[in-house]
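Encoded as structure tokens, here's the structure I'll be asking about.
Which chain is which? They are A, B, C, D and E, in the order written, and residues in each are numbered from 1.
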Amino acid sequence: MKTGFYPGCSMKGSAREYSESLMAVAKVLGRELPEIPDWNCCGATAAHNLDRDLALALPARILAAAEKAGMDEVLVPCAACYSRLSVTRHELLDAKGSEALRARISGLIEAEYRGSAKVVNILEWLAGIGGLEGLIQAPFARKVACYYGCLLVRPAGIVKFDRPEEPQSMDRLMKKIGAEPLDWAFKTECCGAGFSISRNDLVARLSGLILDDAVARGAEAVIVACPMCHLNLDMRRPNIEKRADKKFRIPVLYVTQAIGLALGIAPKKLGLQRHKVTVRFSPAVDKSPAETLPPSGTRPGEA
Amino acid sequence: METLRNKARELLASKTVQMVIGYGRGSGEAAPARAVFIRAAAEAESLIFDASCQQNLAVYLMKPEVRQLGKAALVATPSALRTILQLAAENQVKDHDLLALAVDAQGEVTPLATLQTIEAHVAALDCNLSAGEKTELQKYVALDPEQRRQFWQEEFARCLKCYACRGACPLCYCSRCTVECNQPQWIPVPAHDLGNLEWNVMRAMHLAGRCVNCGDCSRACPVGIPLYLLNQRLLSEVLANFNFRSGMAAKADNAMSTFKPDDPEDFIR
Amino acid sequence: MSDFEPKIVAFVCNWCTYAGADLTGTNRMKYSPRVTIIRFPCTGRIDFMLLLKAFANGADGIIVSGCHPNDYHYSSGNFHARRRWIVFRGLLDFLGIDVRRVQFSWVSAAEGAKWAQLVDATAEQIRQLGPFSGYHKLRGAGVE
Amino acid sequence: MARIGVFICHCGENISATVDVAKVAAAAAKIPGVVHSVDYKYMCSDPGQQMVSSAIKEKNLTGVVVAACSPRMHEPTFRRACAEAGLNPFLCEMANIREHCSWVHEKGEATTNKAIDIVRTLVAKVKKNKALLPIKVPVTKTALVLGGGIAGIQASLDIANSGHKVILVEKEPSIGGHMSQLSETFPTLDCSQCILTPRMVEVAQNPNITLYSYAELESLEGFIGNFKARIRKKARSLDEKLCTGCGLCCQKCPTKKIASDFDAGLGMRPAIYVPFPQAVPNKPVIDREHCTYYLKGKCRLCEKVCPTQAIRFDQADEIVEVEVGAVVMATGFDIKHGDFFPEYGYGNYRDVIDGLQFERMASASGPTLGEMRRPSDGKVPEIVVFIACAGSRDPAKGIEYCSKICCMYTAKHAMLYRHKVHHGKPYVFYMDIRAGGKMYEEFVRRAIEEDGVQYIRGRVSRIYERGGKLIVKGADTLLGARPMEIEADMVVLATAGVANPGAEALAQKVHISYDSHHFYSEAHPKLRPVETNTAGIFLAGACQAPKDIPESVAQASGAAAKVAALFSQDELIREPLIAVVDRQAPPLYSTCVGCFLCQTSCPYQAIEKEEIRGRDGQLIKTVAKVNPGLCQGCGTCVALCRSKSIDIQGFSHEQVYAEVLALLNRGESDV
Amino acid sequence: METEKKLIGRGELEKLFSHWRSKGKRILAPKKIGAKIDFAAVTTLEEVCLDQVQTVQSAKTAVFPRVEELFSFKNKDGRVEIRERDQGALPETVIFGLRPCDDAAFAVLKAIFNWDSQDPLFSARMEKVAVIGVSCPRADEYCFCTSAGGGPGGTTGSDILLTEIAPGEYLAEIISEKGRVLAGEAAGLKPCPASVSKEAHLAKVEPVFALERVAPALARLFDDNAFWVEQSLRCLGCGACAYVCPACACFDIQDEGGGSGQRLRCWDSCGFGLFTLHTSGHNPRPVQSQRWRQRLMHKFSYMPERQQVLGCVGCGRCSRACPVDMNILEHLRSVAEAKP
């Protein structure tokens, strides 16, 4: 099984730490993740609103390149990229009239797309790796709110991954590394990413609701698997706090960072220092830094 | 050889059987051994057994005029033994209808009086295709379909529809063959290309799950069509898909008249 | 080749696929008119010789369809049929006869849409394969 | 020489809109052997049938092809018409140019040509048809009813009261089904058990009914009028004849905390138990999965206290074989459970319950004795949200259909809640209110107008717990799709009605068809709603589709009437579309060579060995013979027979062969 | 006509082949096909194989093909139109390399096909066939031409008979008018010195049974069931013997195609049970022994009686082709020697 790695734009930019932590974790797990040769933009931001052929051709070219490189599956850590690649694969392989469409798109990208390479997201990939438990150096024994966001599990008919409501795959991963995933209400609620540029006031409000519930239930960290979610919940924290008129100190970690910590990888290698919201976790058995933080936004009588 | 003759003499003298169906010297110089029907101990002299004794003598068990001569002891090659079991599974031979005289390459004779003993004897034999057979079969399987089509078209074009293959086959015992049905005329009577293809497809299908790969059809064919390839291909297919081997048991279900719920169906939409 | 319209014969069982095709009609779903149905009580009834007869008489493609295993009117005929087709396909393939010309399928009485899709997909497949002239030419060959 | 009549139907415009019927008629007239070819607007109408009939007489027809709709629709109609005109009905064939042609293709030459192809094919077939005589088989006048819910009870009583024997099989320890779990019934609010239990007692007392409770069907073989059923009586672990139903064992059983299925998990029961006090039969069973004795080998307390020494720990399942002539499937339905609604926290939050649980809560005999007390803490819920269409009408959940009963029982639930908690606030989220039925709409109006149930048209997206409250997030689509949140104390989901988990396996056991949701398929959606495609097996109640009590009862009576009609004859007339083994004059006697491969392939054990003997009694040969009573006409043996010694009437070698040739040889059809 | 004798070399023969080819003639000659040698269309002398004692099949296909169309028909709106064979389109054929026994077999076929009426298609084919035989330098234990009225250098039925007198050098006996035309097409035929005799180059085939005793013995044995059962026990009832026989002429008539098609004539064999099966189910020859008897009776009793020709030329093909070694020679000897 050869797994290719599709970074997309964010893994090289705003979500560098996601990429760093993934590579660090993969190294410990003994997995190689070669990049797809000559990959291109997945078109997630705008292409699918503008031109259907283009929106399909961009991901198809990526997948065709992966196939050509002999990759059996493609790991797509960014949820937006994952969505585009999954939708394209569905449209070109399974949907009605897919044969003609596939021929047309293959023509556009000047490469034959056969559909042999599977598209997997980060949770799927991690879940498929056995023996993670055995490698734990220091259990990540914290209460976490697993935030899946919108694109990882939807549309259910296309990605065919986990349950679209109340997904569980990240919760299971967290249990494996010793964390306690909380039952909370905002696992798949909208963070507002679609309005990232046009209406960041909306983003602040929606993301605020997410943090509010996580904190209220005693979460010590929000775990994400999407650069957009991370960007909204972490980088936009000042806007959120301004709008909510209160402070949320809860850090937002990529799933790979949490696992990295449990595997004993140094925070710096996991890029924790790059976050806007300071992360005080370290792989040391001592978990005091987080506990010393006063839980913020807790309702009276519930702490 | 003498063991065999003595055994025959003994069986006939004691009237255990009325007849020994065995091999005798062929008529031509290079001719293979041919079937002889020994009914008196004195005639046992003419029995032979050597490498040229290839015919599956079980074919005579199904010939009415041979049957009428009474209980027979049959000099049986491994193929003939499996044929007997297959015939039993198809209700054509009953226990104690005959006595099999299993002979091996060394001329050792093992009398097998019951179907059960035949089963035990057969169970110890290697009933797989030989390495040579596999290699040859694989050669054709590896061809591209168009080459295979070409090959068979040329082979079948020679077919005379003389039905020597059918006559030689101990499992072609139907009292009315499909080719003899004319309402409707399932198989064209003439030996033209279509008639020859349909005849050979039909025969191969009717032997699927039954053929014991004795090879007599091919040996009988006057124009040398390698019919054994068809049979070997289908018996491999039956073995691979249904894990079934013909002629191994006297009370076996037929591969084509039974099924398993989880038979492969990847070709079905 | 583009104006080639294939002749396809569908051998279907009465209880599932025939009824499924009825449902396709009741729902007014459209499909290729190149396929014509011949009704059988059960896929178990379908003699492999009939498939050869269809090809010999000019069919370019064949659909054989019946009840899904288990939800079957006659409890097991389709299982027998499945075995028969496994072996028959193996033989056709060995003889170099293009097995893509025969499409086997399970279409239940409830699967009107599947029937339409099956017909269209098969018609398209056969259209791409072109006329089955290699087989049709056998008719008359070898007659002096 | 064949004299065939071809009758082409316009079916109003259903056929003639896309098929040039006149052209088809003209083409048919040219087919060799066709002596009469006409088209008409409605062939199935009286004048249409008259045309067929008079042509048969006037033109001395030897065969008829009606080119119209599917034979599954009108073949019986036209065969009857032929028979009345003196032509053997099996000399009539239908050419399906509607479902398989006019409805599925666009208007045009190709469509008309296909219609001609179909007609030509059927003409070729009918020329090879043979006059057949119906087969008569005896009828065993005992019915098997599977399922002892209200449908099974009603069907059993109706059949028994018409004077026939009934064997009623119920898998639970008691009959009664879901209806016995209900509190009150809509739209009258009368007590479910009060109206049901007298019927249950009637079943127990009716001399024509044999009840096997705590039993399941093991296998069913045979055919209409002549089924053989094997019934597994599961071990109750007691001697039913000795047990008086005193209940002492249940009281003394030390293992008491087992979730009661009858109470939908809200209440508890002991390891030896009767599901509910009015059970029929009122005899306990030991739940071997939980009984201490079976688990640990010690206890036997029940044995000690039993005054009649009825306990039998070593009792084994018993197989009973019965012969029956008809089967009524009345196996009922289930509702969607489990983690089907993660967004609603069902199965996670104890106060999110389903409709059946609410029924038990509202039932005076239920675990709360009819008081509204929520499961988590026993508090009286002040605000209750009812969610209709939980799963139903939701293609994303894989259930496209309407479960039909939920609108009504949700209104009833909200109403019952208000009757019990006067100050409580019930909300109902709904998609549409479907209250078609006598007094149904009025009932819903009453809930809204008199009992103050607040109906909100909109769906609930999510429920989560916050501070001991269930936050119900939804939208009110009548007020501008405004998102709304209700802080509820309890939520009741009207979860979708679904087929029983074992429905598919059972259908396969009895050889009936079912839909993609595993509800059993009726033979015709309109005209044969209580019959299955398998002759002699009928449907009653919710095993066919979710339905309410009056509908189930009506269908059960319908099924019973069908059974009674079947039992009113001593012999059954069957279509002769069966396999026949070739017979010849001596010396051949039969082309069958007796390999009996057909026997192993026959799904119905219909092939027997027949010994042909000479006058001196000498065995000449053993050949196959088809039992016409058992053969169902699948034809598997026919395709398998190498010497073509078996043929099947109605789909004979000659017929299907002629069809293939005629279909493919356009314009030269005489074979 | 008077037989002419000439000498012809391989080179001239090659030229003849190319000449025939240029005239569009079909040349049938023994050719190696797989492991067998059989008559097939050839274009050059190179392809021709003359080392064998006999080919598997005879050359009767040239005049009596395995399957031939007698006429075609079309059913149009209830009327049947018949189209006769265009006899002019039948191929001009040269059969090269036939053994004298096979050459003689054409006479047997003629006797059957033109017995009481002339078979037009057979005759038309026969008309277009020219036969160049090659006499036998060798024989095997199945040969018995000399017992059946022929010989390894017999000229009956040949238009030209070649005898190899030295490697690549043939004595050509020009026997018929057709032969003379053929010879005329060959340049460089040399006159044959009177000293050249073919006899020295012929195989020795000793007579093995007395033909004159066979027919009376058969007539006597007709009702001796036990004899025939004994004789035919080994026989499988296939048609291999009949189909390779140069003199067997039984055929079946089949109409093929639905409304339009062909009427075909194809080979049949008295060895098959179906051959005599009546519609009623009655079969006058229900068992194999009777069918085997028929085979011998027909060739050695009925035909001499009715057509005044023996139905066998002694080529021994049937014995060689038989899967179970039913050696006709042995059986004839048994008949001839059967005690009254």
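Basically, contacts are C-beta pairs under 8 Å (C-beta built on N, C-alpha and C of every residue); 3 or more make two chains touch, one makes a residue touch a chain.
Everything quoted here is computed from the prediction, not taken from an experiment.
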item	value
Shortest walk length in steps over touching chains, chain B through to chain E	1
Neighbouring chains common to chain D and chain E, by label	B, C
Label of the chain whose CA centroid is most distant from the centroid of chain E	A
Chain pair, B-C or A-D, that carries the greater number of C-beta contacts	B-C
Innermost chain by mean C-alpha position	C
For chain A paired with chain D, centre-to-centre distance based on mean C-alpha positions, whole Å	47
Cα-centroid distance, chain B relative to chain D, in whole angstrom	50
Euclidean distance of C-alpha centroids - chain C vs chain D, Å	30
Computed distance of Cα centres, chain E from chain A, in Å	86
Multi-partner residues of chain C (each touching 2 or more other chains)	48, 57, 70, 76, 80, 84, 140, 142-143
Contacts with two or more other chains, residues of chain A listed in rising order	none
Set of chain E residues in contact with two or more other chains	66-67, 258, 264
All pairs of touching chains, each written as two labels joined by a dash	A-D, B-C, B-D, B-E, C-D, C-E, D-E
Interface residues, chain B side, partner chain E - complex	26-29, 31-32, 34-35, 37, 55, 59-60, 63-66, 158, 160-164, 166-168, 180, 185, 188-192, 195, 216, 219-220, 222-224
Residue ranges of chain D in contact with chain B within the complex	588, 591-598, 600-601, 622, 640, 642-645, 653-654, 657-658
Of chain D, residues touching chain E in the complex	30, 32, 584-588, 661-662, 665, 667-671
Complex contact set, residues of chain B against chain D	90-92, 173-178, 181, 183-184, 186, 206, 253-254, 256-258
Chain C-touching residues of chain D, taken from the complex the two chains share	70-73, 96, 98-101, 103-106, 110-111, 113-114, 117-118, 121, 504, 507-508, 511, 513-516, 521, 533-534, 577, 601, 603-604, 632-636, 638-640, 648, 650-651, 653, 656-657, 659-661, 663-665
